[in-house]
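Look at the two complexes coming up: subunit A is in both, with subunit B in one and subunit C in the other.
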Partner chain A sequence: MNSVVCVKQVPDTESVIKIKPDGSGIITDDLKFVMNPYDEYGVEEALKLKEKFGGSATILCMGPSRVVETIRTGLAMGVDKAVQLDDPAFEGGDAFATAKALAEALKGLEYDVIFCGKQAVDDDLSQVGQILAELLGLPHVSLIQKLQVADDKKSAVVDRQVEGGIEVLKVLLPAVLTTQKGLNEPRYASLPGIMKAKKKPLDVKDLAALGLNADSVGCNGSKTMITKYTAPPERAAGKIIEGEGPQETAPKLVQLLREEAKVI
Partner chain B sequence: MNFDLTEEQKIIRNTVRDFAEKEIRPIAADLDQKEEFSYEIVGKMADLGIMGMPVPEKYGGGGTDYLSYIIAVEELARVDASSAITMCAHISLGTMPIYYYGTEEQKRKWLPKLTSGQMLASFGLTEPDAGSDAGATKTKAILKNDMWVINGSKCFITNAGTKISGLITITAITGKRKDNRNEIGCILLPNETEGYNIGSSYNKMGWHWSDTRGLSFVDCCVPKENLLGEKGHGFRQMLEILDGGRLSVGAMGLGGAQGAYEMALKYAKERFQFGKPLISFQINAFKLSDMLTEIEMARLLLYKAAWLKDNNRPFIREAAMAKLVCSETMGRVVNQALQLHGGYGFMKEYPVERFYRDQKVLDIAEGTSEIQRIVISRTIGC
Partner chain C sequence: MNVAVYKILGIPNFILLAIAIIVALAFFINRVKHLYFILRIGKEDDRFNDIGARIMFALKRILLQLCVLKDVTAKDLAGLGHAMIFYGFLCFAFSYLFMFGRGFIPGLSFHILGDTFAGYFPLLLDIVALMVITGVVWGLLRRYVVRPSRLESTPEAAIIMGIIASLMVFHFLMEGFEVNIDPHETASMAFIGVAFAGLFNNMGIERTTQEALFIASWWIHCLLVLGFMVLIPYSKHLHLILAPFNLFFKSMEPRGALRPILDMEEAETFGVSNIEEFTWKQLLDLYTCAECGRCEINCPAHLSEKPLSPRHLIHDMKVHLLEKGPHLLGGNNGSESGTDAQAEAAESGYDGPALIGGVVSEDKIWSCVTCGSCMEQCPVCNEHVDKIVDMRRYMVLMESNFPPEIQAVFRNMENNSNPWGIGWATRADWAKDLGIKILSEDSNVDILYWVGCAGSFDERNKKISTALVNIFKKVGVNFGILGAEEKCCGDSARRIGNEYLYQMLATETIEILKGYNVKKIVTQCPHCYNTLKNEYPQFGGDFEVVHSTEFILDLIEKGKLKLSKPIDKTITYHDSCYLGRYNTVYDAPRKILQAIPGVNLVEMERNRAKSICCGAGGGRMWMEEHLGKRINEMRLQDALDINPNLISTACPYCLTMFEDAIKEKDVQETLTGKDIIELTEEAMA
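Right after this comes the complex of A and B.
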């Protein structure tokens, strides 16, 4: 059973995000980067499959040299090897351009399952997994919370979260599965794992190695363009309703909710 | 000069931080209240593989450099001092003497159990009448029929009395030197040795769930080979062990200061008085700036000292400086951090109260602040 986990490095959710003065992006200098939390579920699931069926787990990650730390973290958790896509041409890509490059890299890898996080917590697009499946001509199931691979490894039964309940699906493998919280508890990288991670193979590929041209990936290959970032408006100060006890204040509140906020 | 941590060091920091946040932070206040040793946390630290970090892999250790270990202690102490001291007393004081001075046989026998965290070890130096003056030990070991017969007592010994404590290295008088002063030896004493009595836990101001015991030895017999290294080298060994240990206690001060600072910053942003957050009063903003500055200074000094050790350079003076600065930095930082919390800081609902209590012992254990100053002053001919 071979799995590939597509992993994105994202700013730590605790970081304070600052927008560049010209609105063209965010300031990344002081940011702490981590593995996208939803991708951690994919890593964990790939490791579980490996433990159960044998085979290998591979990380596929696009990004500049700083992403190596995230890749190594996955290797330290127990993933066997990794492919990093690193080329200035990949930069600034939307979900389509990203999926395009990932799909190309996946053509050179062996897999029964491809995991993607259900979304990356930075741009929250929730698209890469689905586009990837389309480009590779594979079935996909999004938002999975449980995975049971058949003994013959030709199909799997997955639970996915839907409004108000659980949907159980059978899917033929290979497939793209996007992972949701609840699927598993990602393990910590163990210290021996951390020490071994450095010796595990990390294959760095650039545009030429994928055999793509610069127009099909990154900014140039994107179908959507980010024109501007703006910070959310500052929250207006709250209003304190003065008065003697609820008898006096409650009617005032109702009046304001009706007339000013227009919510009731 | 390169201030970048290695990839491994960064991953170790992130992993231990994540572990401490998820596994320790939610139960730290409760453990502090209960004052009971946490086998659960020790078990989890063992699973993480950090209980033998700087020991080579062939003895079951992590095979990391010392700085990585220091970073791990720092990250534990950022959340919970008892977790940090349990790990670092086990490693620096309990395990390293065997790794440094044990025979190959002793290493093969003990280290895998210790580095895996199945068994805890401790180091018994302090006695009721031999604290800062550690050479004044009264515990005696007499060689009879190739066995050391040990009599005496120790006090304030970390990790000595848990259900998984398996051995202690103690200092004892093993004879007279040529100049007629006492010769000191470090001797391995397995817990099951007859006549080895472990007292009940102390009631402490801080480090509440860490295990601290008074011990006594009544005709304890251990084989001659249990004397670590060469006869007559015990005093020097003891000083070397303390040098390494000081770095880890320094890491506890650094991590504790970092944790207290973060609490203070968060609180001061959220707490409003006079219609404004506390940070908008310049005195508080400057307090927080001073805290961060002092923490950065302490970190540079501690990492430099660990770097010296990792590069086999002399580091005695820097270890003393780092221990002194880190502990006292945490003292100042946690004092102001609590001050910023006002009355709420005095309440147990806020973890800064625990940090305040946990700090004091850092000025005392592994050589008091005064002793660190003596160590430093000796290197400049005073």
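Right after this comes the complex of A and C.
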């Protein structure tokens, strides 16, 4: 049973995001990057499959050299090997262009299941998994919370949470599955795992290695374009109403609610 | 009377005695050798540095009996009893040289040391024997009638007590007979011997019978002594032999410094999951335990009905060591421990319980708050906490096996350098409007104020940080903070067992501090204080570290800070483990309180070295408390018992734990919690 987990490196959710002055993107200098939390469920599930059926787990990750740290996190958890897609040409791609490159890389890999996080917590697009399945001509199930692979490894039964209940589906393998919280509890890498991860194979591929041309990936291959980022409006500071006891403060509050906030 | 040549069944006594001694010694040595070879299974540990200081320490603790007298209280006088038995034992050990000597050297008596000595020493022995008997009776009463929780009434204890009492009785009998048959040998000052002699004469016992009875008592006395000697290495009285060694080999490192894992890149296993992976000194601790229970009755985990008792922890591991040890010796106990292959083959012969999960349950391992009270109270200076942390290290580093809520804490420390997981870039937000120097902008400061995670991120504790800044400003201290460059000191990570994460945080921080050429650091939190002061030197971080209470007291004593606004309150102070027991800062916070006009300082019953942890140490701050009672509420009760208006602390964890307990017990109306820093600020003129 071989699985490939598509992993994205994202800024830690607690990061203070600063937008570039021209609004074209965010400033990444000071950011702490981590593995997209939804992808971690995919990594954990791939490891579980490996433990149960044997085979291998592979991470596929697109990004500049800084993503190696995230890849190593997955390797430390127990993933066997990784492929990194690193080429300036990939930069600025939308979901489609990204999926396109991933799909091309996947053609050279063995897999029975491809996992993607249900969405990346940075852009929240929730598209790569689905587009990837289309490009590869594979079935896909999104937002899975439980996975049972049949003993013959030819199909799987998956649960997904739907409004008011659980939907149980059978899907033929290979398939693309997007993972959701509740699927499992991602493990914490052991120290021997961290040490071993430093020596595990990491295959770095550029545009040429994938046999794609620069027009089909990155900005050029994108169907959508980000035109501008703006920060949410700053919240005004709260007001403290001064006064002796409610007799004095309550009328002031009512007045303010009526005249300033205009809510009553 | 010539004991040496007295014949029994035609064989002279000296031959019989020699045989008895040889047999006893054979048993004794055999057992000691066995224990020694098992001990050698343990890993390396260099405990031979600073020999002079080690000897002094051991001698002081033993000869002055400080080991047991240091914690004698009106409620627990057992230490006095021990001291009585100990000094008695010394006197008798000396007299036994003569008793056995007489079996070989005809006419040997105390007279060879002068007539004065021969006159007074028997008197001393009689007095001591009385004391010892009193001690034994008292001990028996305590064990079998009073039954304090810390002592267990084992048959072993009864046998030993019985032997000690019999030794004394036979001492009197021997003396009594000898006064009658050899009056000049025994001085008449031995008043009990003389009384017994009179009694025997009154009973009309013949002289020849008295002679035979004397020989009989001498023999029984000798055999009891030999029997006792053999029993020592089979029982908890092993501490008679090993306590001096254990004290000698005690760690000379600061108590607050855990042993680092040094070869993290190379090692294949981390921590301890097999008894033989402990160091020989850790194993020696197990042997030396006297099962006195002092650790247990002061252990907050035990007191709050969690499964951990440090006494049982040590004892269970000792039993396990003695069971598993022989298998590890490959059956040839006595010779070298052999090759690894041999050892492994032998180990497969052991099918008893595993150390973690079997001998020591996981719940016990996680129950410890690393408060250090067990180590503080232990008369033989056992080191419990490093054993618990070693097992945690195995569980965390090798198996990622820890309470589930801890995973997020580790991640938070990794990604945002604080256990709460709040964005690291916002660390200095609390200080935004205070106009404080940040070292990255201006590193020309005398003092680095190390704020710590709680002081930076926890709403309640941020107020304390601000208060300390106000004090600094008032006095005109030239200080700065690291701002967003500050990271978690790593105390919790290390004590939970994540040495890897700890070393990552520590080495990064040391680098930063060195980069700014920092010399002196003031910390607000005792955990940061202990880690920076005692543990960073292990990784090349040598800074002068002082706790805020020490710093403030210094300002007061130098007259730079005047506390003149009265605070009319009855205040108690709760000792933080890492400030008190680990670093012996007991007085600074108390002196500050006393310097504030109007403060009525009252002490909880358990204070200073006997203070009970708030429940948050050892990384327990970040774990759920599923088992037993809540430690913070137990400690709050100590305060409620003495009815203060305010409970003062010098540690952000303690304050958090108390404020939680105060809310839980719904006593906000009458009791509040405050940090010493806040009180200082309030009282500032």
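The definition used in the following text is that the second predicted complex is superposed on the first by the 235 of 264 C-alpha atoms of A that agree within 3 Å, B and C clash if a C-alpha of one lies under 4 Å from a C-alpha of the other, contacts with A are read in each partner's own complex, and residues count from 1 in each chain.
Just so it is clear, a residue touches a chain if its C-beta (ideal position, glycine included) is under 8 Å from a C-beta of that chain, and two chains touch if they have at least 3 such contacts.
All figures in this text were calculated on a predicted structure; none of them were measured in a lab.
*Asks:* Contact-wise, after the overlay, does A:Tyr229 reach subunit B, subunit C, both or neither (first, second, both, neither)?
*Replies:* neither
*Asks:* Give one of first, second, both or neither to describe whether A:Ala189 is in contact with subunit B, with subunit C, with both, or with none.
*Replies:* Both partners, subunit B and subunit C.
*Asks:* Looking at the overlay, does A:Val68 come into contact with subunit B only (first), subunit C only (second), both, or neither?
*Replies:* In the superposed model, A:Val68 contacts subunit B only, not subunit C.
*Asks:* Go through the superposed model and pick first if A:Ala197 touches only subunit B, second if only subunit C, both, or neither.
*Replies:* After superposition on chain A, A:Ala197 lies in contact with subunit B alone.
*Asks:* Do subunit B and subunit C touch any of the same residues on subunit A, and if so, which?
*Replies:* Touching subunit B and subunit C on subunit A: residues 34, 188-192, 194-195.
*Asks:* Where on subunit B is subunit A touching in the complex?
*Replies:* Interface residues on the subunit B side: 7-8, 10-12, 14-15, 18-19, 47-50, 53, 57, 62-64.
*Asks:* What residues of subunit C sit close enough to touch subunit A in their complex?
*Replies:* Listed in rising order, the residues of subunit C that touch subunit A are 264-265, 268-270, 397-400, 402, 404, 407, 410-411, 415-416, 421-426, 500.
*Asks:* Which of the residues in subunit A end up touching subunit B in this complex?
*Replies:* Against subunit B, subunit A makes touches at 34, 68-69, 72-73, 76, 188-195, 197-198.
*Asks:* What residues of subunit A sit close enough to touch subunit C in their complex?
*Replies:* Residues 12, 14-16, 30, 32, 34, 185, 187-192, 194-195.
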